[in-house]
Amino acid sequence: MIVVMKQSAKQSQIEHVRQRIEGLGLKSHVIVGEERTVVAAVGAKRQQGTREALESCEGVDNVVPILAPYKIASTEVQQHPSVVTIGSLTIGGGTIGVIAGPCSVEGEEQILETARQVKKGGATALRGGAFKPRTSPYSFQGLKEEGLRLLALAREETGLAIVTEVMTPSNVELVASYADVLQIGARNMQNYDLLAEVGKQPKPVLLKRGPSATMEEFLLAAEYILDQGNKQVLLCERGIRTFESHTRFTLPLASVPYLRQHTHLPIVIDPSHGTGKASLVAPMARAAVAVGCDGLIVEVHPSPEEAWSDGAQTLTPTAFEQMVAECSKVAEAVGMKIGT
Amino acid sequence: MIVVMKQSAKQSQIEHVRQRIEGLGLKSHVIVGEERTVVAAVGAKRQQGTREALESCEGVDNVVPILAPYKIASTEVQQHPSVVTIGSLTIGGGTIGVIAGPCSVEGEEQILETARQVKKGGATALRGGAFKPRTSPYSFQGLKEEGLRLLALAREETGLAIVTEVMTPSNVELVASYADVLQIGARNMQNYDLLAEVGKQPKPVLLKRGPSATMEEFLLAAEYILDQGNKQVLLCERGIRTFESHTRFTLPLASVPYLRQHTHLPIVIDPSHGTGKASLVAPMARAAVAVGCDGLIVEVHPSPEEAWSDGAQTLTPTAFEQMVAECSKVAEAVGMKIGT
Amino acid sequence: MIVVMKQSAKQSQIEHVRQRIEGLGLKSHVIVGEERTVVAAVGAKRQQGTREALESCEGVDNVVPILAPYKIASTEVQQHPSVVTIGSLTIGGGTIGVIAGPCSVEGEEQILETARQVKKGGATALRGGAFKPRTSPYSFQGLKEEGLRLLALAREETGLAIVTEVMTPSNVELVASYADVLQIGARNMQNYDLLAEVGKQPKPVLLKRGPSATMEEFLLAAEYILDQGNKQVLLCERGIRTFESHTRFTLPLASVPYLRQHTHLPIVIDPSHGTGKASLVAPMARAAVAVGCDGLIVEVHPSPEEAWSDGAQTLTPTAFEQMVAECSKVAEAVGMKIGT
Amino acid sequence: MIVVMKQSAKQSQIEHVRQRIEGLGLKSHVIVGEERTVVAAVGAKRQQGTREALESCEGVDNVVPILAPYKIASTEVQQHPSVVTIGSLTIGGGTIGVIAGPCSVEGEEQILETARQVKKGGATALRGGAFKPRTSPYSFQGLKEEGLRLLALAREETGLAIVTEVMTPSNVELVASYADVLQIGARNMQNYDLLAEVGKQPKPVLLKRGPSATMEEFLLAAEYILDQGNKQVLLCERGIRTFESHTRFTLPLASVPYLRQHTHLPIVIDPSHGTGKASLVAPMARAAVAVGCDGLIVEVHPSPEEAWSDGAQTLTPTAFEQMVAECSKVAEAVGMKIGT
């Protein structure tokens, strides 16, 4: 940790900072520049109060942390990439998993038909919302347990692994009893009680990045899950909120190589939410594969126009099949493969 | 709702959109422009599926909604401003409530001392975190129920109303049994199970805006609470995430007059989180009063440097007292008053 | 144009808006909804004052424009993609041009050596700054005309087309006398006198998107050039400013398919400025090719560590050669080709 | 400057960085932490290449600069606040100047009438665009020199100082021959040739912040002007581009106290562009005064609905007069005064 003093800092203030650092069990190094003084605090303890304590000292301009605050997620702890395998779905280690399905489970016929179609199109897992976080209280909120039951039925018929969202701690056990992968939605990325709860059960967790989360906040959210003992966390980039209005969110694919350098966790891209427009999904899926992602999650519905939610960003089964075919070629070009 | 067709849209596609609108129970009006056609869908029903269904139709470029999707929060439903009064705290109706206290409850002496000091400085309610949402799992997570107990003790001694955060539905009853106002943190603004739960109990709720929430999303989150029967919702602007890095968040004070035009709910400003720097808190508090807010929530600690969290943005009791004095003058200048 | 009236709008205000529309030479259609009235203004004239005049009328809530304000750049005017060819460089029509070179021209040996290396590595044009827009007045501002002369020398030896920036109208003639493609930097995207000036000369122009420009503003900036008669405009996406701090800018690759749908102009991606980190350049270049771009512009220096500017985002010749090899495979996978 | 090495950095890489620092004429201090090593580079020289050179060294994770890169603008160089006085306009030193007038000069009657009205309403200077930077090439571009002539006429009649924009270096002499204050628009904040040119003439310059400029970039743009010898620079905050769409820009008033801490230059707020909505202008003007600004610049037109540009954010003379009256009370409350 580097404490940058103000130019106007007095000697007594510098000395106070130095003593504060030592009092926190760290070593201090004072470096006197021609215009300013900085004080380095050295020691491996990531005590969270440290930064804040030093920032509040008089004469301090700002404090620059040096160590990444996450540990278990970090490549500093594990250097080889993690691979998550559950049922039909493999994500990581050169294999790109493709999770596809409707925004919401709407009924038996709809989910079974979608499951068949996405399997045919190349999906290795089925997504579908049973508990739906909706911006408005007046929107359809999902079929709840009935939706979970229908997803299990689709798995039974097609063999596809099931990915579905859990919104609140008290439902984790229920959702985990049906699902293969528990999804934490972007709105809940910092719902810490929920993160801890999914961390206590053994099913893999797909954690979506919040639309205004930094990379560090994203990895620390994963750390909440990992810290409870569940090591199977999939990071999902689904776009950030920016001034751009021609897309629903801005999908920053540089997240993939950045995360690869800093974490061993597999990285999934969601080009459906990341763009909000069906016509942009396939190009961004190809780009996601080229940039090196480990998985894709895509919204598909037999008839997007009839979908109860997210129709505008949903692919038809035909468009999905073509997308997977295109992505397969790109995957091959970068030494990866789509599928199982 | 206005459906804008693509320039290349065929007559059959326009006709399909028209039929779709009628099929949804709305009236359609086709307006043929020289370059494009638009189809208006008229009718009061705010069916959430409507927009999405129309966006997915072939030949559609985009859909522009006309009606605000929130109702109970809207000035269209209630035109006179709501006032929330609980114990020592009044917010709205020309009276600016001042909620002050430490980021975290750290112990009996700290919270009692702070309560005394902020009361002396002009606060009308005491804030303090017992359940703390922290970015890192390795940070101090709050004293939990013990913290609530200490807050109640501080109320007993000083008479100040207590504002404290609840993070998860299963704790709502517990927190509500101690607190006067339940706070929903920015990270939980779209934790819908939690919103519904606080909506079912009678204590007022202070709802913080998420750092990337639009005004519409913010008001719809309030709507989740209102829709459950709890009409005492305080909206709290605490800053949005932008590219600016010299402040922790960017505090957009134009939210106040904008919200005033669209909702009857009282509006509270948090200049501590909104700036992240103690030296910017008082100027922004003055500005918040001048722009017309109904309340302030400010972090104060007897010794910010010793605070277990958020020290850099925390005022000393002396600085707080001066801030309230300055704000009082500004309040008078705009025909309002600080306090009870 | 759709004029949305406030819910509280009086009949006389609606009538005033209607008359205003007719007075502007457009036809009006009043659509009375159950809660609100909207008035559509129909007519092909893109009179810029129209929107503003209507927005200012009393009782108006907001005005939604329907027509894109750009014309010459639009696919509505020209449907087949434009191809720009000059010397060794072809951009568009299935061929991906690769522009590479140092941030700044630093001297004869540096630029000649770089030119040889990037040609060997697969570049089809040479970039290099002679006039440098630098954030600080105390930074190196470029070799100016001497830099242009050295670029011409490099072209003479290698045959590579030259891409270089022009910063101010009075230098357009000078820069155009040496360069093959004139670059307009991101900071100057809305320097309208400069846009008009490069629009009056015949050399192709590479127009960089400003870091906070919307797609519409970007295309309207191109329109300034096109409107002067120069039809050879290359659009360059180089990243937008967002809250993300792990990259220098956020590079939104969805710009490529979006622009493809709305304009016939070729689209170039700059993964160097778009990420700011050498280790992220090659993955994002691959992604840019997969998403369907027409060109790449990349910073390369024989010794990035010795570069006078932008070293952290600059590739070595070896890394560049490998990047082109990877991109070639991806290009093939999507039915395109790199090069000439 | 603090060079943070990667955790995996080798001893030879650390040694290389150390030698590089010394080679650049700075002193190096190596601080070995338990997980990482950092190397401090000490010395007053703000050599711009330094950071970039060190960032490119192998084994370096990132480089943290310590010194502010601007000098003349800095409170480190001049501690007392600068005051700019020209004709009727005083900005700074406890006096809040009020610049008001139409977006564009439209004709003699319009500008004279506006000048009379804003003077009556409390303005101390007249704004009006003669050269207009417009997003679309098809929009009204200003009356040019005729507009300047009319502004001078308005000054003759009313005595108000004239503030008007200059867009390109070749027009600086012309505009300066009519205007009292030269305005640099937000789009041109980093048009360095223009900054240098206005820096060479003696009239004060009002520099608008670009919508995605950081504080550091803003102050460095001012430094370009100051560095040429012109010390009369007014900084104008007019809003940044964020995801918010209910306002045209987001107006971050925390800029005022932040800038006050870092620069002696006077600070002007533009609540018209900063919000884009007439109904938000007066509240934000009051807030700007409360937060401590030195000046306001506001759009006023005798009939906003008839204005050729920016009507939606333009006040009527009556609304303006009321705004100034409200601001005067707030100014008094914070120990300042509006006017001359």
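Order as written gives the chain letters A, B, C and D; numbering starts at 1 within each chain.
Keep this in mind: a residue touches a chain if its C-beta (ideal position, glycine included) is under 8 Å from a C-beta of that chain, and two chains touch if they have at least 3 such contacts.
Protein names from UniProt, one per chain: A, B, C, D = Phospho-2-dehydro-3-deoxyheptonate aldolase.
This is a predicted model, so every value here is computed, not measured.
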Notebook entry, point to check: From the centre of subunit D, which chain's CA centre is farthest?
Noted result: A
Note to self: Looking only at C-beta pairs that count as contacts, which pair of chains has more of them, A-D or A-B?
What the structure shows: A-B
Check: Using the average of all C-alpha atoms in each chain as its centre, how far is it in Å between subunit A and subunit C?
Finding: 31
Check: Measuring from the mean C-alpha position of subunit A to the mean C-alpha position of subunit B, what distance in angstrom results?
Finding: 26
Item checked: Mean-CA-position distance for subunit D and subunit A (Å) -> 38
Notebook entry, point to check: Where does subunit D touch two or more other chains at once, residue-wise?
Noted result: 212, 240-243, 245
Check: For the complex, which residues does subunit B have touching subunit D?
Finding: 212, 214-215, 240, 242-247, 250-254, 256-258, 261, 274-275, 279-280, 283-284, 286-292, 326, 329-330, 332-334
Item checked: In the complex, subunit C residues that touch subunit D -> 20, 46, 48-49, 52-53, 55-57, 69-70, 133-140, 167-170, 187-188, 190-194, 210-212, 216-217, 220, 223-224, 227, 240-241, 278, 304-312, 314
Check: Tell me, which parts of subunit A touch subunit D in their complex?
Finding: 2, 4, 7, 29, 31-36, 38, 40, 42-44, 64, 66-67, 76, 241-243, 245
